[in-house]
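Pasting the structures in now, so scroll down.
Next, two complexes with chain A in common: one pairs it with chain B, the other with chain C.
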Partner chain A sequence: MSMDLSVPETWRVKGPLYRLEAARCKTCGRIHYPPMPACPYCGSRDLERVTLPSEGVLESYSVVYAVPEGSRHKAPVLLGLVRLGRVRVVAEITDADPSELRTGMEVEAVLRRIRSDREAGIIRYGVMFRPKLKGGSRGG
Partner chain B sequence: MEVYITGVGLTKVGRHFDLSLRELAARAAFEALDSARIDKVDAVVVASTLSYREAGQFDLAGHLAGALGLKGAQTLAMEAGDASGLAAVEAACSLIRAGSAERVLVVGVDKLTDYVSSRVYRDLQRLYEAEVQALYDIGHAGVAGLLARLYMERYGVGRDTLSYWPAMDHSHAKHNPYAMLPFAIDPAAVPRALKVAEPLTLLDSFPLGDGAAALVLESEPHGDARAKVVLATSAAGYPSFTMNEDPLAPESVGEVAARLREVTGIAPANVDVIELGDTFTSIGVILAESLGLSKPGRAAVDAMEGRFTLGGDGPVVNPSGGLKARGHPVGATGVYMVGELALQLSGEYPGLRVDGARRGLAVMASGDGSSAHLVLVEGVA
Partner chain C sequence: MEGRPEEKTGIHGWGVYVPRYRLPMSEIARVWGWAPEQASGLGMKEKAVAGPDEDSVTMGYEAARNALRRASIEASRVGAVFFGTESKPYAVKPSATIIAEALGITPATMASDLEFACRAASEGLRALIGMVASGLIEYGLVVGSDTAQANPGDVLEFTASSGAVAYIIGPREGAVAHFEGSYTYVTDTPDFWRRAHQPYPLHGEGFTGEPAYFHHIENAVKGLLAELGLKPSDFDYAVFHQPNGKFPLRIARRLGIPKEKVLPGLVTPVIGNTYNASALLGLARVLDIAKPGDRILVAPFGSGAGSDAYSIVVTDAIEERRGLAPLFDDYLERRKEIDYATYAKFRGILNVIK
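Right after this comes the complex of A and B.
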C-alpha cells in the first residue's frame, strides 16, 4: 500500500497539524487557520504564530462514505467543522459513534494517526476532535 | 473589442472507455471548428483539471494543438479546479480583447472514468486547501456535507426540501442529448440513495464522467455568431471556506456578482438563463443565494416551487441538467456551460429551450470557493 505521503511534507505541517498553530495578524488583529504567508483579510504580512484553544464547539459534521484511496479501511470518516474561539477548523472526529454527534456539542483536541505509508515507514499524525466528557477527560 | 462565439462543440458526458483524452478533445474541437467554418486559429486555450494526474500529459495545450493539426498557434493551459473551463473562456477573451489573437479555440477536457472512483476522490480532494486541511481524509464531498448540515440547521430546511434541487436538475436534463444522466428522479429517492457525505447522498452529487467541450471565439462575427461574451471575470476568495465570515456566503462568489452589477448594471436575477456550478446540492443552493437568485435559506424551496424552471418567475437555472445530471467532467464543465448558453441564445439548443432568451450567465466556484468565475453572454440576433 505505497501511497503519496512525503517525509518533508509530514515534517513541515507539524505546527498546524500537531499543535493547531494559527496566524494572528498584527495589523487587523484577525486570526486565521491554517497559517498563510499574508493575512487573508487585510493582506498584511505582519503575522505572528498563535496556538488555537484545544476545546471548542462542533458547528457541523458529516459522515463521509466516499473515502479516498489509501484510507478506505477508515470508512466512514467522521468530519467536523469545529469552532475554536473565533476561528473555524475542519478536522476528523474520533472516539465517537456517528449517532452521538450533535451540532453545538463541546469537543476537545487529541493527537491521532491520520494516514500511514507502511512501505515508506511514514506515519502522519494530526489533531482530531472527540466529544468532551463532562466533569473530566475520558481515558485513552 | 467584442468577442463572438462562432463555434460550439459538445460531446455527451459519460463513460468513454473507447476514447483517449485527445480523441475525446478532438471530437469537441473539430465540431466547434466545423460549426464556425474555420480550420485555423491564432490560439488554443485548453482547460483541464484532473488530466495531469489521470492521463499524465504535461504541456497538454501544446500536445493537443499539435494533435489537432493546429501547429503554430499560441497555446495556453488553464487549471482552476472545478472552474477551469470558465477560466479558459476568460483567458481566451483576454487574448482577443488585447489584440493578440483574432480567433481562439477553447477546449475543455477531462476523463474521470479511467481509474477507480476512490482514486478520483483522492485527486479531487486537492480542490480544497491541500497543504493542511486536505491532509485529512475529507474526500471530494466532505466539505459539501458540512455545508449541507450547517444550511439545514440554520434555516430549518428539511432533507426532503433540499432534494428538490437535484430533482430540478434531473427534470431539465431529460431533454439534453449531451447529459450523462438524462432522466427525471423522484425527490423522495434522494435521501434513500447511497450515502456519500451525510447528509448528502449519491443523488446530491455529480456523477464521475468523461467529457469534452469546445468553443471558437472570434473578434469578428462572420455572420455565424451564436452569441457574444459581454463579461468574463473571476475573483480569488479565501484558501478555505472556514475563513469566510459566513461559510454559507463565499466571498469570492459575492465579489463576481458585485462585479457583474458594476460593469454591466445587470443583476444575476435579471438574466434569462443561468448555468450554475452545483457540484453538490449544498453548493447549488449556496451559489443561488450568494447570487441573489433566492433569499437566504430559500433556494431549495424556490426550486421546489418551480421558480427556476420554464414558466417560473426566476431565471431558468441549469436547463442543461446542471452538474448533477449533465455531469461534471471537471475541467471541461465551464466550456460546456458557455457552449450551452450560446446555443440557447441562438435558438439552436437541442435540450430544454428557453424561448426568447437574450442573456445567459455561467457561474462557478472551485471547491469551497477558493476562486469564483463568471461569464455573461448575450444573443446577437
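Right after this comes the complex of A and C.
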C-alpha cells in the first residue's frame, strides 16, 4: 500500500513538531529550527537540543489560495513567519481569518493536524500558531 | 480505621478547551426545516465546532497543557494518561500516547484510550483516584475530549459539539480540591450507540431520558450521599452530565437541588454537549469561580449506560493556581460565528474524494 506521508519521517520529527525542539550550535552559538544534522550557518555538527518559547510575534505572513493537494478544506492556508526569541520559524497560522492578521501581533503555539494521509494513512500533528488568546498570558 | 481512598487524593490542575467556531441553532433549524422553537426546547443557544485542523487529540492536548500548567508539576511525574473519547482520530492507535509525548510525559507512564460513550473520561478519573491512593502512581492525567458526531438532520445535531477538559489527579497534599467520595452505577441499557464503521450514532429518542440519564444519575448520586452521610443541601454546586440545557435542571429538581447551584456549571446551552468533556467541563467552569471550602457534587453520565458521582471540596490552594491558565470564559469569549455550510465542511459531513 503506497502512502503519501512517510511513517519514519513523521516519527522522527515529532520532537520539533510537538514541542518546538530546535538545535543550538555549540560552535557558533546560533539556533536553527527544525533541527538538522549540521549547523546551517557554520557547518558544525556539535549541536544540542533546545526548546523554543511557545509565544512569539508574527513578523510577516502570506495568504495562500493555491493550496497543495489535501489542504483545500482549510484554504486559504495562512503561512506565518514567527519570531520566537532569537529564532524565526515558518509555520501555519490557524484560528484566524486573513483580515485579522497584523504584522507584530502576538501569537502562541498550538498543536494541530498538519497533514492527514488520505482516509487510511497516518495523521501528522504539529505546531501551528494562533493569535494569542485573551487570558493566555496566564499560561506564561 | 483507615479513611476512604478518595480522601487521600485531589485535583492539582484543571484545564479546558473550547474551539473558536460557533454554529447558531437557527442555522440547523433553517437547513433541516425544524420548528424555530426546537432548539429553545432543548435549552440551546449555539454550539462549538472544531476547526478543520482540529480533532479530539488536538483539543485534548490543549486542555491537558492547561491542566499541567495549573498543577505546576514536572510532566515526567505523571504516571498514567487516560484519554476518554468517542471520536478517536485513529480507530486503532492510542491517542493518549500522542498527548503524552507532546506534553513530555513519555516514556515512563501508562497511557490508554477509554470508551464508554460520554463517561469514559469519568471512568478514567475514578481509576486515577484509586491508582494515586494506592501509591501506584504519584500523579495521573485524565482527558475528556470529543468532536461529537450526529446524523445530519437528526435532533442530536442541535447539541453534538466539540470541546475538551483535563485534570491532573494527585495526592491530597497541595491539591486545589480534594475528593471525599465516589460512587459508580452502571447497567446494560441501550439508549445510544454507534456500530463499528458507522459515521454517526443512533439513539432511542425518549428512551435516552428516564431509563438511561435520569435513572443512572439519580442512583449514582443517592449511592454517594448514602455512603458519605451527606444530603443535597450540603453542596454549594452541582454539576451533571449535560446532553442538553434541560436535563441537568430536571435531575437537580428531582434530587432537591436548586437551579442556582446548577447554572454556574451548566455550559451546554452556549457550547453544546461536548460528550466526554460535558460534566467535567462544567466542573472546570465551577473551579474557575469556586471559593475555598466549597463542596461540589459532580455526576457525569454515559450511554450504555452509567453514571459516577463525586463529592469534591475546594482548598485554599485554588486561588494561586486559577490564574496559571486560561479560564473557560476566556475560550467562550473567543467566538467566530459560522454558517451551516462551513460547519459541514469543518466537520467532514461533505462527501469529498481525498
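In this section, the second predicted complex is superposed on the first by the 128 of 140 C-alpha atoms of A that agree within 3 Å, B and C clash if a C-alpha of one lies under 4 Å from a C-alpha of the other, contacts with A are read in each partner's own complex, and residues count from 1 in each chain.
Here, a contact is a pair of C-beta atoms (placed from the backbone, for glycine too) under 8 Å apart; a residue touches a chain by one contact, two chains touch by 3 or more.
For clarity, every value in this text was computed on a predicted model and none was experimentally measured.
Asks: Where does A:134 make contact in the superposed view: on chain B (first), on chain C (second), on both, or on neither?
Replies: The answer is second: A:134 touches chain C but not chain B.
Asks: Between chain B and chain C, whom does A:103 touch in the aligned arrangement: first, second, both, or neither?
Replies: After superposing on A, A:103 lies in contact with chain B but is clear of chain C.
Asks: Using the superposition described at the top, determine whether chain B or chain C touches more residues of chain A.
Replies: Touching more residues of chain A than the other partner does is B.
Asks: Could you say whether A:125 touches chain B, chain C, both of them, or neither, answering first, second, both or neither?
Replies: Only chain C; A:125 stays clear of chain B.
Asks: Just chain B (first), just chain C (second), both, or neither: which does A:113 touch?
Replies: Touch partner of A:113: chain C, not chain B.
Asks: Which partner does A:13 contact after superposing on A: first (chain B), second (chain C), both, neither?
Replies: first
Asks: In the overlay, answer first, second, both or neither for which of chain B and chain C A:65 touches.
Replies: First partner only.
Asks: Touching A:38 in the superposition: chain B (first), chain C (second), both, neither?
Replies: Neither: A:38 stays clear of chain B and chain C.
Asks: With the two structures laid over each other on chain A, which partner does A:74 touch: chain B (first), chain C (second), both, or neither?
Replies: Both partners, chain B and chain C.
Asks: Once the structures are superposed on A, label A:57 by its partner contacts, choosing first (chain B), second (chain C), both or neither.
Replies: After superposition on chain A, A:57 lies in contact with neither partner.
Asks: Across the two complexes, what residues of chain A are contacted by chain B and by chain C?
Replies: 70, 74, 92, 114
Asks: Residue numbers of chain C touching chain A in their complex, please.
Replies: Checking each residue of chain C against chain A gives 20, 51-55, 57-58, 61-62, 65-66, 69, 89-90, 98, 101-102, 104, 323-327, 330-331, 333-334, 336, 345-346, 352, 354.
Asks: In the complex of these two chains, what residues of chain A are touching chain B?
Replies: The contact residues of chain A facing chain B are 9, 13, 16-17, 32-34, 36, 40-41, 59-72, 74, 76-77, 79-81, 87-92, 98, 103, 114-115, 124, 126.
Asks: Applying the document's contact rule, which stretches of chain B touch chain A when the two form their complex?
Replies: Those residues of chain B that touch chain A are 116-119, 121-122, 125, 129, 131-133, 135-143, 145-150, 153, 194-200, 205, 238-240, 242-243, 247.
Asks: Quick one: which bits of chain A touch chain C in the complex? Just the residue numbers, please.
Replies: Checking each residue of chain A against chain C gives 14, 18-19, 70, 73-74, 92, 94-95, 97, 110-114, 118-119, 123, 125, 128, 133-136, 138-140.
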